[in-house]
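Same chain, two partners: chain A is paired with chain B first, then with chain C.
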Partner chain A sequence: MIKYGLKEFARNIYSNIFIAVQLAIAFIIMTAAVSSVLSRIEMYTPVKKYFPDGKGLYICNIYDTAPLDSELKNIDDVESVTSGYDTSLYYSPSSKDLSNGLGDDRMSVNALSEDMIKSFTPQMSSGKWLPNASANGDLIPAVVTENSNYKTGDIVTIMHKEKVGEMSPDDEDFDYADPYKYEYVKNKVEIVGVIADGSQLLGFSSAYLGTEDSIKEKPDFRDLYANVNKHGNMMLIVPTDCLKDINCKIYPCGNQIVTLKDNVSNERFKELELYLRDYGRVFDFEDFRENSLVYINGQLIKLVPMLICVIVLVIVSSVSASAVNIKKRLGDYGIYYLCGAKWNAYIKIDLVCDLMTAVMAAAIAVCISNVLTMSEFMGNTVISFGWLHLIGCVCIVILNILISLLIPGVIMRRNTPNEILMINE
Partner chain B sequence: MKYVFINLKNFAVKNVLIFILFIVCAVTDVLIILFSHGAFQNFKASKDFEKQKKYVFNYTFSFGDIIDTQEDSDGRILSYFGTDSITPVQLREVLDKLDDNSKASMPGMYFSLMFDQDELKIDECFDDGQPYLMSAVRIQYDEELNDYSLYESYVDNMSIRKGRYFTKEEYASDENLVVLPSGAKDDMIGKNVELLGKSYKVIGIFGNTVQEEFQVPFKTLGDNCTISSISFLDDNALDTESFFKLKKAFSEVLTCNVNFPPIDTIDMTEIKFYNSVIFMSVAVAIASAINLAMLFRYIIRSRAKQTAIFMLCGCTSNKIRRMYIAEIGMISVTIYVIFALVFNYALLPKLTLFFEYIKVAYNFRVYMTIFGIYIISIYLFLNIVILFTNKRSPVKMMKERGK
Partner chain C sequence: MIKLDKIIKIYNPKKANEYEALHGVSCEISDGEMVAIIGKSGAGKSTLLHILACIDSYQSGEYTIDGTLVKNLSEGQYAQIRNEKIGIVMQDFALVEDFSALENVLIPLDFAKKKIKNKKEKALEALKAVGMGDLSKKPCNKLSGGQKQRVAIARAIVNEPAMILADEPTGALDTKTSAEIMELFKRLNKEGKTVVIVTHDPKVAEQCSRVIEVSDGKII
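Here is the complex of A and B:
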């Protein structure tokens, strides 16, 4: 039967090519549809866990992070604070080895917790993201945003001040406000990856990348991300875990997620919410979740008519392709019956033929995708390919096969082989 | 024509399944093509809106340490006021660092000039004594000249009492020309005056609305005047890339701070999402077209026997071609007209709930354009299929069993 299936496929090659092209476009549309749906939720899924059902506050447009940080440390009801970090480590965007010391262009090194690093992987233009890198000896793994100076593999010197003792009031540089002696300590980081321009970066707000936060009336999960821009301020990010042996300070920066203990009463929660408004705009977890879900649902609803269109198109084109094909094949099946094959043999023949068409369609779809990728079109879309996309395409193939088996089955069961051969004359 | 209706009747009666399938496919494809046009335009509009960024009219940036801010009614910061200033020479240096594309995509700029009034002694130009003179510059990038020149909106609304205003070539050049305020003597036209250490030729005198301002081309200004703040004009929106390039150019030329008011960044994820959906709407339209084409091909080829009989009875290929085109064309046109009306009055109001810009994408002209493309595509495709089908001899066609 496989042999006859292949022969049927070859005999109707032109119409099968038509069907394969149609199926290939259906695969591409399905891939685009699944990618579009996933793109609406792929940024929410990694941060959902930071807004559990318990009590908590989201603080944004913070006036000054240092006083807020010390205030939060003094509040016993605070379980944890999640954000990106600023450090007292510095580097120079123009000098990798700091041979001339830190200049006026010094930038502070940023850090992310292990949890945030694992939660979301930004698009990398080269190298790898932090959790996939391991420390190379004494070198701390780091990533940078896309810029003109630092590339993957570069070794960059970072520097921080360490307190080594107290100054005496008789010393030349004695300062009453800061009466300590400091020593500059150098460390080295290895650039393991470069974050691509236009990528999203979890943990930092837009202010860090050269533009101020806009005052959004209803912040949602998108505000936990910043859009990397190669023309904006460069960032060098290290894992906080790698800074344990370095005696430097780290401070939360950007927007902060404050999780409170479970035993916090509603009154105390309200009190904290009002109190922390002195430091920035404060929203509770429920509002934040609601805003996020409203946004996502609003976006997904826009895709519904498109998805309905895709499904209708796949069904109609499968039905029309099957009906057209079966009209041609019925005569052949009539002859097969006369030569000894059972009616059910058509299922195997049809299945082989349809699978061959599906394989041809997949090959055409891959070719079209490669052409679009080479023309850099794909880079400007959210279209990607993964397991869910494959499942979607397989559903199209199954639907196509089911319809193409159903229609001839209905016709053949109602007619004798003689009638079928007569119809086909 | 008689045979067109006979064929249609036979098609509907003898080949019911295929006829119904054809109608269903044609209806689905018409609706999908109409919808995909609307979806395309809607998401394109959303993308353009996202990309266009801020209209930054009246946004003012300054230099040095910030001493004050100006906010709008929503609390959004419009401008920072600073302690420092720059010279027109420095500003020209900054602008020279930008590429032409950035200059073209940025809005124009407006700034007032601060002078030492002793450098502006031109009493002889005025009958009633020299007023307190001031000057401002309004520049906009001109793509024809590849340089900064006149701000067109200002020129359109400006009044000249005597003489003329600058041409855009003159304003983009370093020709020492000046337009004096309205109190200047009429006979100053064509004469030279000493201003800012240079000799300027008077070409015009402003109308009564401009009593203190004189204007000279931007490139003639030197270090003897300063600029304390610069505002953006409303001819263009400011996109993030240009904004960052401008910031970088300023930081390379100046040693003092440049205080830019905050602007939103473009969210590239949104742009990519819109691109994906636009691509889907185009692909869906193409798939519909292929579906219809496949059916047309089948219909033509399944009538091979009938075509052979017509040819044997003396019907020419051309008549057969016109007959089939008329038959399929009649069905297609009828379906398009009916379902375009259904789409416009029944589906479109529902779709506006999902797509905010979809309604403006449709008007009579759009429907007619889509109809034109639809009919021309059907006509061309049918001609090609019929041409290939009728190339064979009637005997060969008779032998085929509907293949």
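Here is the complex of A and C:
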């Protein structure tokens, strides 16, 4: 039966190519639709836990004067605080070993908590995302953005100032505003990975990275992520856990998520909201959750036309497949029947032919996707392919097979084999 | 031995255009006979042959092949009869035109229920038996009418069935080619095969050992 299916496929190769192209387009649309849905859900799922059902406040674009996490945690009724971090550690994009000290191009090192590191893994163009283990010997693991000058495997020196004593007023550099002596302390980080352009990064805002100007009027879960691209600030990020033994300062930056205790009263909630407004734009968890769900549902609804398009494409290609040479194909099935095949042998033969067409369609879809990816057409869009995409494409194949078997099936049900043979005499 | 006993065949039963094509037809065909079924157009001879070939059903009566009742069998059993016990030759050759002669003859071997070894060799032998051994690789759409009918006969005999049924096998052929084809059938009959030929041509009927005449759905 496989032999006859393959023969059937080869005999109608041009029409099968035409059908395969239609199916390939359906595969690409389906993959894009699933990727689109997943990208929304994949970004929402990691941050859901930061906005539990209770009360809380979310501060966007916090000012430099914002209180540290530890200070906020000491406030009554505050359950937990989390954010991305800026530090008093510095590196130079132009000098790996800081042999000439920090220049004017110094950049601060950023940090993320272990929880944030584990919650979301961005797309990496090389290497791996930050490990949750401690430092490798003396080397602190770090990741950088693609627009930095560093690559995976590089060892980069970072530096910070530590107070080592007080200066005397007689000292040449004495400054009444800052009467301390400092010593520059160096540490080394190992670049374990590079964050890909176009990736999302949890814990920092796009405004902080400089890739977007302002936050939305109704922020949602997307605002917890920064769009990483070559036009934004370069970043070097380390785990906060690896900075425990380094006497540096860690400041919240970008966004701060303040979860309040369950029993906080409405009056106290208002008080805290007013207090935090001095440090950035403040939003209620409830509004945040609602905005997030409104956005996700809106995106899912937008996918409906895409899915309709896919279904229409599949129906058209399937009907084309079964209509092509239907008389000739039925004639052939009649001949097989004469020679001792069962009447439903056509199902197996058509199935092999349809599967071959689906394989060809998959190959065409892969080629088209690669061409689109290599060209500028896709921009920074990253489309992945996983189990859900495969299931979506398999559904298309099954729908195609069922519909393409429909027309010959209907004809065969309505006519006896003898009548089919007579039609083709 | 084939036995038909009071076979009634109705087309479109219980519909407005219901039509009784065979009215209680009975006959017997012994092993090794060469029988012609003749009659005018619409008499029911092709209907009779199609029932013999298990490609059409009947409403009542009994059709037995070597004592086995051919009725209410499963589709698989009907397919096995068509594959192993009967070889069918049609007027329009019923070949897959895109296939070569060899590929057409392989069809019954490919659809056989039991595994067959050396299929290609068997198919080539059948083609040689009908004088088409040298043209095995030629596509059927490049063959003449006579050559096509030879390929059809090769396909009909490749599984070594006991009975060959032919529906107007010379209907589309010229006189000379028709004679060649009839010689083939006679040779197959001499080799022991039962041959039943439906024809409207009296010259074809003359070459058979027995003639069954069908008229208005009855054997006369």
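To be clear about the criterion, the second predicted complex is superposed on the first by the 345 of 425 C-alpha atoms of A that agree within 3 Å, B and C clash if a C-alpha of one lies under 4 Å from a C-alpha of the other, contacts with A are read in each partner's own complex, and residues count from 1 in each chain.
Methods note: contacts are C-beta pairs under 8 Å (C-beta built on N, C-alpha and C of every residue); 3 or more make two chains touch, one makes a residue touch a chain.
Since the structure is predicted, the reported quantities are computational estimates derived from the model, not experimental observations.
J.: Tell me which partner A:342 touches in the superposition: chain B (first), chain C (second), both or neither.
T.: Second partner only, chain C.
J.: Who does A:309 touch here: chain B (first), chain C (second), both, or neither?
T.: The first partner, chain B, only.
J.: Have a look and say if chain B or chain C is in touch with more residues of chain A.
T.: The partner making contact with more of chain A's residues is B.
J.: Touching A:40, do we find chain B (first), chain C (second), both, or neither?
T.: The first partner, chain B, only.
J.: Is A:244 contacted by the first partner chain B, the second partner chain C, both or neither?
T.: Touch status of A:244: no partner.
J.: Would you check which partner chain A:334 touches, where first means chain B only, second means chain C only, and both and neither mean what they say?
T.: After superposition on chain A, A:334 lies in contact with chain C alone.
J.: Chain A residues touched by both chain B and chain C?
T.: 425
J.: Hey, which residues of chain C end up touching chain A in the complex?
T.: Answer in residue numbers: 50, 53, 55-57, 75-76, 79-80, 82-84, 88, 90-92, 94-96, 98-99, 107-108, 110-113, 155, 159.
J.: Along chain B, where are the residues that touch chain A in the complex?
T.: Touch residues, chain B against chain A: 17-18, 21, 24-25, 28-29, 32, 35-36, 39, 74-77, 240-241, 243-245, 247-248, 262-269, 271-273, 275-277, 279-281, 283-284, 286-288, 290-291, 293-295, 297-298, 302, 351, 354-355, 401-403.
J.: Which stretch or stretches of chain A touch chain B in the complex?
T.: 15, 18-19, 21-22, 25-26, 28-29, 32-33, 35-36, 39-40, 43, 198-200, 206, 209-215, 222, 227, 229, 231-232, 299, 301-306, 309-310, 312-313, 316-317, 319-321, 323-324, 327-328, 331, 377, 380-383, 424-425
J.: Which chain A residues qualify as touching chain C in the complex?
T.: Contact set of chain A toward chain C: 3-4, 7, 11, 332, 334-345, 416-418, 421, 425.
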